[in-house]
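Single-structure report; data block below.
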Amino acid sequence: MELKELLSRVRSGELAVEEAEIMLGGQEYEDIGCAKIDFHRSARRGFGEVIFCQGKKTEHLVHIYETFRDRGVNVMGTRATPEQFEAVKRAVPQAVYDEVSRVLKYEPAPVEKKGLVAVCTGGTADIPVAEEAAQTAEFHGSQVLRVFDVGVAGIHRLFSRIEDIRKANCIVAVAGMEGALGGVITGLVDKPVIAVPTSIGYGASFQGVAPLLSMLNSCAEGMAVVNIDNGFGAGYMGAQINRLILAGNE
Amino acid sequence: MELKELLSRVRSGELAVEEAEIMLGGQEYEDIGCAKIDFHRSARRGFGEVIFCQGKKTEHLVHIYETFRDRGVNVMGTRATPEQFEAVKRAVPQAVYDEVSRVLKYEPAPVEKKGLVAVCTGGTADIPVAEEAAQTAEFHGSQVLRVFDVGVAGIHRLFSRIEDIRKANCIVAVAGMEGALGGVITGLVDKPVIAVPTSIGYGASFQGVAPLLSMLNSCAEGMAVVNIDNGFGAGYMGAQINRLILAGNE
Amino acid sequence: MELKELLSRVRSGELAVEEAEIMLGGQEYEDIGCAKIDFHRSARRGFGEVIFCQGKKTEHLVHIYETFRDRGVNVMGTRATPEQFEAVKRAVPQAVYDEVSRVLKYEPAPVEKKGLVAVCTGGTADIPVAEEAAQTAEFHGSQVLRVFDVGVAGIHRLFSRIEDIRKANCIVAVAGMEGALGGVITGLVDKPVIAVPTSIGYGASFQGVAPLLSMLNSCAEGMAVVNIDNGFGAGYMGAQINRLILAGNE
Amino acid sequence: MELKELLSRVRSGELAVEEAEIMLGGQEYEDIGCAKIDFHRSARRGFGEVIFCQGKKTEHLVHIYETFRDRGVNVMGTRATPEQFEAVKRAVPQAVYDEVSRVLKYEPAPVEKKGLVAVCTGGTADIPVAEEAAQTAEFHGSQVLRVFDVGVAGIHRLFSRIEDIRKANCIVAVAGMEGALGGVITGLVDKPVIAVPTSIGYGASFQGVAPLLSMLNSCAEGMAVVNIDNGFGAGYMGAQINRLILAGNE
Amino acid sequence: MELKELLSRVRSGELAVEEAEIMLGGQEYEDIGCAKIDFHRSARRGFGEVIFCQGKKTEHLVHIYETFRDRGVNVMGTRATPEQFEAVKRAVPQAVYDEVSRVLKYEPAPVEKKGLVAVCTGGTADIPVAEEAAQTAEFHGSQVLRVFDVGVAGIHRLFSRIEDIRKANCIVAVAGMEGALGGVITGLVDKPVIAVPTSIGYGASFQGVAPLLSMLNSCAEGMAVVNIDNGFGAGYMGAQINRLILAGNE
Amino acid sequence: MELKELLSRVRSGELAVEEAEIMLGGQEYEDIGCAKIDFHRSARRGFGEVIFCQGKKTEHLVHIYETFRDRGVNVMGTRATPEQFEAVKRAVPQAVYDEVSRVLKYEPAPVEKKGLVAVCTGGTADIPVAEEAAQTAEFHGSQVLRVFDVGVAGIHRLFSRIEDIRKANCIVAVAGMEGALGGVITGLVDKPVIAVPTSIGYGASFQGVAPLLSMLNSCAEGMAVVNIDNGFGAGYMGAQINRLILAGNE
Amino acid sequence: MELKELLSRVRSGELAVEEAEIMLGGQEYEDIGCAKIDFHRSARRGFGEVIFCQGKKTEHLVHIYETFRDRGVNVMGTRATPEQFEAVKRAVPQAVYDEVSRVLKYEPAPVEKKGLVAVCTGGTADIPVAEEAAQTAEFHGSQVLRVFDVGVAGIHRLFSRIEDIRKANCIVAVAGMEGALGGVITGLVDKPVIAVPTSIGYGASFQGVAPLLSMLNSCAEGMAVVNIDNGFGAGYMGAQINRLILAGNE
Amino acid sequence: MELKELLSRVRSGELAVEEAEIMLGGQEYEDIGCAKIDFHRSARRGFGEVIFCQGKKTEHLVHIYETFRDRGVNVMGTRATPEQFEAVKRAVPQAVYDEVSRVLKYEPAPVEKKGLVAVCTGGTADIPVAEEAAQTAEFHGSQVLRVFDVGVAGIHRLFSRIEDIRKANCIVAVAGMEGALGGVITGLVDKPVIAVPTSIGYGASFQGVAPLLSMLNSCAEGMAVVNIDNGFGAGYMGAQINRLILAGNE
């Protein structure tokens, strides 16, 4: 529908203002002073909201969590520091923190976890990014299979787990250094793979450029890549695909 | 299942050799001299095979298409030159060629096209890459909605089409230069977006590096990126996701 | 005005559909088959349209020029080849081509040229890009002062012309290799400077990266930069600023 | 006028020494020991001077502010640390400091703010750079409209404000990560846009390279780019253009 | 042997499960909670294991060393901090630490050192990386000749030692800055050279990119390169080649 | 031995001039006008010489081959064009050319091929580089096992051949795009691996940078890397290691 | 002398207009239509002028050479094509062309060649750049010692010539690939070395970036670097230093 | 003289061992435990030695200075920390330290300063690098003219000093950010210019890459470049050229 037509229909009453607003991308967010939060989206989608904690002032973060607490809406913070957690916990004692992934969750109304997303890593050093992906997928309603430390320098470890990985609806492959994990899994499993390069490594890894390029250049069919260390982005997209497949199943 | 256990089960007869082979990633391919082709996979999945034509010798390519013709299996070549097409056509007259996408198809047993993948471009110069994505998705059983020339410098053109794009199960966003299209669509539609940077542009585009970085850095939730100009990869993954969602629906 | 409010006013009739459309970025373009052209914008702004000819099929380009000819609207093509010009000329004999800048103009209703934009180059090799800028500025209603070959390795040549440059409302500084021209002029003249790095040079020029970085790092106050070789972009912005200043004057 | 002619006129008395000096870029600055300050320029232009505080020794900075205080001339420091502010404040109690933008102002003779420059950001993390731009524009006599957190991943937020942005004479668009804000605004508003990439982000943002390239490659007409995080440069140029337009109006 | 054939032989009893497992890359590792360690490999090869200490939690590292102590197996940690050493030493008093190379060894059953690997450096600043290489080679059963500070800016120092270097079975050449050492040695000695670029240097060294590129581009015959600062990798490969040559000799 | 001591021994007659010369890297080469060739080295080592044909004038190349023909010494040219071959063939009819690897050999006294070097590729497009490596190894006295098209996107194909690869004394792993082959093989085989990145690929492969970085960052033990497309360098080093191991065996 | 003082002295007659002009960088050039040539500088310095031929239109180049011919002034063109030479030769038969360096000279009044500049190369492929340097130095009055093909992979060849190189007043070191030649020579000779990286090489040479970085990072004392392939710049500076030393000697 | 001939002459007694050693680059250095110092070179050249202090252990540095003190030989340390100075001062009270350049000198036998080297900077932030250059030149016997803060954004300040700069035998031009100073000076003065890019700046300066590229690409004749921030290298080469010119004069 052309913009003009849309507006004409609003004018004539054929189209409700609210519907037109959504067609134009409008979303209602609430301004709580230090942040604009879209509680309606949470309600509509059935999940909570996600807050990028890095660089946020502690008092602002506490205020955000208090608002969620007051409304009983789930919230998940990424890249939270232990200090941020301590402050949030004082205000919202039910908040829980995972040191490895630096995820800070408050889930008064946990969503049911369904379907399956597999989260794999090349090494143990990639686990923090993988955990961010896994917790993000869980927060958005997916069950998660964790398969860590199955990098290609010891490919038999991957083989031992490949049967399980094949059961997932979507796979998140997290790897630093040479970053070959994504391509190898994609070659073995006919499911969409979201690859996450990590900044683990040194020298010619260039803070994750090496695995990023490696993943982009894989000739395996069915893999796409997110930003270096972006466990959240991969976990979100994994859960989104899983959810769409499940929705199809229902 | 550990490797040792798998082998023990094969030994004891609990597990058939063929099943074990598939668990270990084994796929039967046929060596036709100049190429190894996995006709069994085509049979199993119901689609044909894809051939990367660039750099292939014409006589080899003709031989490949003849083999597919003889078996009545679908085949789609990417990055084929008009010269390659002419030679293939002499041997396989039903082969069809699309100049824009450089796709060279032979489809004796066309697959049914179901579900929907939307393929969008920022400009008209991105169309060749987008067409490769679109034809790949169609070849793998998806219907495709083409929404071209809706780049962010004239954002209203995107708005006119956003309603239709929202109906797709997966979106392929193709853009060169600033590459902002993917992030904008992802912000407007709650479906997985596969972004394809193109090498269109000049100067500081650096043959697609600018849109690649732009897409990797988008903070929109639900987008992943494939290699520069990799329309095939995006189209394949789009169709794969679409198919999985439909399979859920059946 | 919030989106909701805008739509509510359309609904109530307070706001006309057309006005709302413009507020939302809507522009009427006409689809002439191979291109979408915004003749209304031309009418509204008083200038013609600009076509990026590079990579366009000759038959499409000819059709575009014919459409402009039929409506008597000005059109300027950038990066046109001599072959494209020959074809266009056969259909639109009044079209004129400048070999240096590769600009292909058809101006049935030339605009009055007012105010002044200065276009300067470091060397003679930068002239093609500078001419594109100059002709773009002229096409959009500016007078242009050309000051070529005044690079900093022979700074006295710039000094001889600085008095004239100071009379312009905006300066376009085009330079390759070390790219110092922009910063030097900005230090001497209190007018906005649009710097254009060019891909002229060899070795560590890296096709224009050296002057691009040089220009971005200048500590002179009042300079901004466009893409490598983007004479059009600089000329457009120069004319835009010139026009706004003149509009103020009227 | 050629250099020789200029000198000949000086010789013959046709041209005053002072005029010739200005033609040759001569400006009188005063050496206050640790810095050379052009108080005459301040007087001539009606604004104060700007000091880049980063890396300056505290005692030198204090001395500079004392000199301005003694002469009653406005001064604005950029990238000042809280420690520098504390020291300056002890000597010049009227100095004010903005923690967000790190701007340290002393304005005994505030200039009148006229016209309008809009300063927009993609996210909240871009605000420090945007504030530097905004305060710079205000210091140089512009009114400033701040429109923060309107990035393209939630494009409707930009739409709600676009009407206001269109009223400005010049727009400063500040964005990190994918950096698409500049191009989108430029496509919506027919005023010059100065784009500022920021180093906000992680991974493939490469400290601002991603938005820098994105902005340089935008095909929107009427945008130019300054260095990563260079809020000052954009604010200065925005105010300069605003001032020239107003001057035209007077 | 094709995968199918291998499995068929397992099925028929022609091939033992254990043999098949090794053919497929299977290795038995032991999961000690915080790490998976392949004690069998150590037994099989006669060397201990190597642990990358950087980033490992101290308690985990202590547990790993305790496990090795309990089994009497050699272990060598790379990139260990003095703090990690202190903690390990409390649990395993026989552990020894080398401050320069940051290697943390526990060798209850030292291997015999045979053959010769030469480890050379361009400057004194390259010694930490070189020592890591030297100690790695020793840990894996090689004698090591250390030839430090023989960079090409004072080529006569290299000449004084070239006779000795020629006696080694393999040479590790460690150099930062211009990185020319590898090529010069390779030109003088007909033995395989493993070159290690180091991140020593400043400015256009780009943390080791300059010597990395220099080494990759050498036209000397018989040199290959490992990652920047990867002393371990070069030492391992040097010892591996040395061992294979000695095995030939036995 | 210090330089001074060496010279003193020459002075006193303890050390022959010829021995001292060799100690100082001196090699006798012969100047045949357009090239300096070290026939003595060929005699001493038992292999012929290698000529880099790219960019050489045809008449010079013909003269070089004639000189080798006249002396009956083996010579192998790399990167020869078909045109160069035609010209050489007219003068030296026994010269043979391999189109794939562009190697141009004249071997009047073929060396015995002993031991084994395995040359593996990820894809079929890597074969030209692999063949250069293989022929170089053969020219220098190694038997070669070719294992092509066993890239990690179809890892089972590698598994089918891994038993054979393990028999080689040294492995050359050639791969473009993601470049993971080297690391996977190194993890499966305890022999030195020389990895060769190729410029095969497109987009973010950056002419071989992606596989180069991938290979440098592999955490598999026992791999080093040569320049992009440097099949010759890898083949030479493979043969050198193979020869040293065999020499040990004799 | 401050600018104001200078102008005051011109005013008072203390300083001649011509002298003041030179102090301000003024040079008289002549505009011959397609170029501005500084014949006075040639006269003053005793050398001819240098023309960068690349990209110049043939008719313009011919006109330039005719002008020099008419005045009897020496001229040297760099990067001239054989076609340009043919055209120039028809007009100026005494013009001579060197195919290797692409230098096109017309020297009616050859300057005396004095002192000594050594020009060395790493390989034979670097000779074109080295010849440009050598001919430039000769054109500007230096004798030149050519020492080609003495790269560090066969360091003894450099040793054979080092005695001669030491006699030069300045050394130009030209090298591609690893680029180590400059540092090695600088370590052996206590004279200023101008290093020229060349774009010779492939793969990770990145068109000369590898030798450029290598040369910039050398820790040898007394070397500086010019642009990739800039034989002219190095030859000019070598001759300039040689001339200044000779002038001291006279 | 060929290597063979040299050795033959040594053998026959025609050439002394010591002379031959020097011809082969031999220099006598003394190993004082933590460093190898060439006291003979100091004696021969008449200057002291230079020590790169960065990263050196304090006890080693103190020992080095004590050795120089005991022998009464001049020594200059670069990049020394205040802590290193404090420690050295306790052992060698006459040592002096300059905080700006971080140079730590002990000069028991100061050399006479002759001739002139000019050291110029673009801004005040470049002064530390410039001072390192200046003090290095003085240490090696040159008088130094310091001309700081004459960058091209205020070109008239450079003009005021150009007359003085022209008197130097060699010019060191130090600049960060856009790095245009070197090219402008080279265009104004016919003396060799050594340009030093500095890492001063932010954003797209990329720690000195911007001025490095700018300087390498200057088309001014008579300039060469050293590594980013390498004040020592430029000062050494400046003094070397100055000394050679003076030697000519004597």
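Note that the chains are named A, B, C, D, E, F, G and H in the order they appear, and that numbering of residues resets to 1 at the start of each chain.
The working rule: a residue touches a chain if its C-beta (ideal position, glycine included) is under 8 Å from a C-beta of that chain, and two chains touch if they have at least 3 such contacts.
Small disclaimer: the values here were computed from a predicted structure and weren't measured.
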Notebook entry, point to check: Which neighbours does subunit B have in common with subunit G?
Noted result: C, D, E, F
Margin query: Can you tell me which chain lies farthest from subunit D, using the average of the Cα atoms as each chain's centre?
Written below: F
Checklist line | Chain pair with more C-beta contacts, B-E versus E-G | finding: E-G
Note to self: Out of B-D, E-F or A-C, find the interface that copies G-H, where copy means more than half of the contact pairs are identical.
What the structure shows: E-F
Next item on the list: Give, as an integer number of Å, the spacing between the C-alpha centres of subunit H and subunit B.
Entry: 59
Next item on the list: Could you please state the distance in Å, as a whole number, between where the Cα atoms of subunit A are centred and where those of subunit F are centred?
Entry: 48
Notebook entry, point to check: How big is the gap, in whole Å, between where the Cα atoms of subunit D centre and where those of subunit H centre?
Noted result: 38
Item checked: subunit D: positions in contact with at least two other chains -> 3, 24-26, 154-156, 159, 187-188, 203-205, 209, 212, 216-217, 221, 227-228
Check: What pairs of chains are touching here?
Finding: A-B, A-C, A-D, A-E, A-F, B-C, B-D, B-E, B-F, C-D, C-G, C-H, D-G, D-H, E-F, E-G, E-H, F-G, F-H, G-H
Margin query: Help me check something: in the complex, which residues belonging to subunit G touch subunit C?
Written below: 24-27, 29, 35-36, 55, 197, 199, 207-209, 212, 227-230
Notebook entry, point to check: What residues of subunit C sit close enough to touch subunit H in their complex?
Noted result: 123, 151-155, 176-180, 183-184, 186-188, 201, 203-206, 209-211, 213-221
Notebook entry, point to check: Of all residues in subunit B, which touch subunit E in the complex?
Noted result: 3-4, 7-8, 10-11, 13, 17-18, 20-21, 24, 26
Margin query: So in the complex, the part of subunit H that touches subunit G is made up of which residues?
Written below: 1-3, 23-25, 45, 50, 156, 159-160, 162-163, 169, 187-188, 190-192, 194-195, 212, 216-217, 221-228, 233-234, 236-237, 240-241, 244-250
Notebook entry, point to check: In the complex of these two chains, what residues of subunit G are touching subunit F?
Noted result: 124-125, 149, 154-157, 159, 202-205
